[in-house]
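The chains carry the letters A, B and C, assigned in the order they are written, with residues numbered from 1 in each.
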């Protein structure tokens, strides 16, 4: 890594109003003799009011990043280091990783809420929807009376387009889309400042996907929370996200403004990922996909982790791990970071498809 | 509703199967127990009783198997299970009637206690893994590997012979007349403690291990993580989200394991000479009292069916998915 | 009688209401590497169980030869406590308890394993047929196994055994008739889940015969469940056989652990305080039971990785003062642990966090995103 990274971090801190800063987060699966290092020193910053998209193939560590940062990673996950700084509206900074259990419980759902992947399993099958909504309200003592809690639950349910009489329903009586809406309503019940959405629409059909996405965008505009949106579908992110971070094999390989990343990918992996999905709207492209499969996290190759699948692989890629830094392209891209040797200025030539010019303003 | 209809059909078929099995059992046995009894009784046995026994054992050679079967059912519906040889000439039904309350009291209370305690302990150690409480597991494994009756023997040796804390046998002080007075009731309680404790100790480990495993499995369900993410109190997550779901298979396994448990506790009655149905069965076996054996088997099976039905109701009460049609 | 065998099987057996696979553990622990069939043999619980069981199998084979006395032979030392002459004391007739125990092991093992084999064969036939065929044959066979599960085995066996003058094979056969239902139930559920999987669908689409699919495709995948059901059945058979012998409905002159207890109970061993008469036999039953239970835990942990990982990681973490819990991922900064320090840890960038290990001279792979 070059020494520019810390400078960039500092610049970030000064320039914007961050709500969540993940710094050098390291996560292992397993403990003892042979743990798998699924995340090593990953850093990510989310600004207030922003929708940050986190994309990558399954197994790339995007969910691990989100759950690690909130300490919700199930065993055998272990956090091996890093900081997760949450900055509240009042400007108070807390490191989620150093909170004690009690404070963490208090912060959860009030400061940051999560919409889990697969709403099928996220709802407790033996309790009514209402009970589960009110549970969250009561745990944080936000409402004094039972009636107020119920009113609040009914309110958020209607907010996501579900009739309030569904409070009495059990999860198995709801359709997949309804359950996902319930989960979104549940996440918003305490008006958190940060919402983490883990593949919130993956299990749904395209029509439902679209409805839910529109709802999320709409709710964000009304309530003003910040979002980390995790998905494997990059074209989806372009619709909702302000900024996109692409992950590959436990590392962030490219981060950029959503439109920039979509129209002008710089990392070969980003490009491959974009070509694997049909765009939700706009002109059709030829779908290509990426040959090969991600490396085994237990046996990572030296050098660039994408080298084995990269169409532009060079000798250096096999030995040197590229750092996430600005591109050496002759255009100003302050919003963009890429971890690729093609862009560090030493490569003789950057392939044309990774060096598309932005239109002049 | 479909759940209950299905279960209802199952119970009817099982009851029919048990009765039919009971009908065929003596017909497959060698020898003619009835004739030897008639000879032994020296003419004191009434013709009616002989006839009833003949129906029971299929000795009425003039009848076809089907006729025998129908008259057997007919007898059953009149509550006639034949005469006991061991307690001659008491009818089997009265012998069972006297012993059943003892078993239901002892085995019922001890089993329910064991289930509740075991499930609670299993919940705790399944939830908090890697604590010192895990030391319970090897102990529970040992206890669950030992036959109930051997525990009974050890309990008697320790707490009745070596230290004279509890009586070693019988359901109440010999010489007392059963009645609803304090003297009798306290004697019953006093005699019940050791067998009840032994049943609890020997059966509890199964519930601990079962619940612990289910807690481990359920703990990794998403809804438990969601509950933690919501910042609920630890207790609320453990009880209302994890244990509440983990207990469902525990109930179905209770219903299915009941046959095993009741078998084991019946032997416990034999060890303690407790006047329940297990001890009666033991006496019947020693005296080759076939009608009594069959009666015991039938009543025990029906009792287990009733317990299963209760477990079904509890299950349906706890799991909203079964209550739904479809 | 014990309930452990029934409960242990429960986690795999239950129809789970949730859809499988969709969970954030997706990228979870790495899959067992090649040769995972033998992972089971590395499980310490299973190994301990195998060793104990192996010991008793050897005793079953050589017991009658190494027994110091004829188990039936009388002597004038009546109800004598353990001594150099009689390591485990004597009975009311002066018989040597140790010799009875050694000779009786064979009977217990033969009945246990014969019944286990017979019942498992029945369970596989009924369970796999019901699970694979589905429809009405499934309804019928399931009903049959449920009936056999609900009807109390022991009273029935007492009645049957007391009217038969059978040797050990007859007893084993009768026990197996009452012991197959649980295994059948578990195997049915497993077969049903396999039947719907892709590889079976593919074979069916290829036009392979039902027999071939069942024998070559499905059965190999049920090995662990069949083994577990076999072990549970052996446990049940041994306990049942000992119980029957203790009650005295099997021949009291055939030595096994249950008959020792039968004679002890019938001759006031308790009132005489002759613990050596009935304690060792019970401990032997317990030892075999524990051994079988351990083997089954090993199989369970092999089949259900959730059970496996939890215990191990929890123990390692506890040693370091960290508790593994759902919903509160443990944080272990790993500054003291040798094994972890040895792995190349990327250094923290200047101005980074104070908890990270010292910069190691490696090129840090830290990734920062500018917002």
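Please note the rule applied: contacts are C-beta pairs under 8 Å (C-beta built on N, C-alpha and C of every residue); 3 or more make two chains touch, one makes a residue touch a chain.
Since we're looking at a predicted model, the values are computed, not measured.
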item	value
Of B-C and A-B, pair with higher C-beta contact tally	B-C
Chain whose averaged C-alpha position falls nearest the assembly-wide average	C
Distance from chain C to chain A - Cα centre to Cα centre, in angstrom	44
Length of the line joining the C-alpha centres of chain A and chain B, rounded to whole Å	55
Centroid spacing, where centroids are CA-atom means, of chain B and chain C in whole angstrom	24
Multi-partner residues of chain B (each touching 2 or more other chains)	220-222, 225, 227-229, 321
For chain C, residues contacting two or more additional chains	17-18, 23-25, 310, 313-314, 317, 324-328
Of all residues in chain A, the ones touching two or more other chains	72, 74-75, 101, 104, 116-118, 121, 125, 172
Chain B residues touching chain C - in the complex, by the definition given at the top	10, 13-14, 17-18, 21, 25, 29-30, 128-131, 134, 141-142, 144-150, 153-154, 156-157, 160-162, 168, 202-203, 205-207, 209-210, 213-214, 216-217, 219-222, 224-225, 227-229, 237, 249, 252-253, 256-264, 266-267, 270-271, 281-282, 285-286, 288, 290, 293-294, 296-297, 300-301, 304-305, 308, 321
Chain B-touching residues of chain A, taken from the complex the two chains share	70, 72, 74-75, 101, 104-110, 113-114, 116-118, 121-127, 135-136, 139-140, 170, 172-173, 183, 186
Complex contact set, residues of chain C against chain B	1-4, 6-8, 10-11, 14, 17-18, 23-25, 143, 146-147, 149-156, 158-160, 162-163, 182, 235-236, 239, 242-243, 246-249, 261, 264-265, 270-271, 273, 275, 278-279, 281-282, 285-290, 292-294, 297, 300, 304, 306-307, 310-311, 313-315, 317-318, 323-328
Residues of chain A that touch chain C when the two form their complex	1, 5-6, 8-12, 15-16, 18, 23-24, 26, 29-33, 35-38, 40-47, 50, 58-61, 63-64, 67-68, 71-83, 97, 101, 104, 116-118, 120-121, 125, 172, 198, 203, 243, 245, 251-252, 255, 296-298, 320-321, 323-324, 334-335, 337, 339
Residues on chain C engaged by chain A in the complex (per definition of touch)	17-19, 22-30, 309-310, 312-314, 316-317, 324-334, 339-340, 343, 345-346, 348-353, 355-357, 363-371
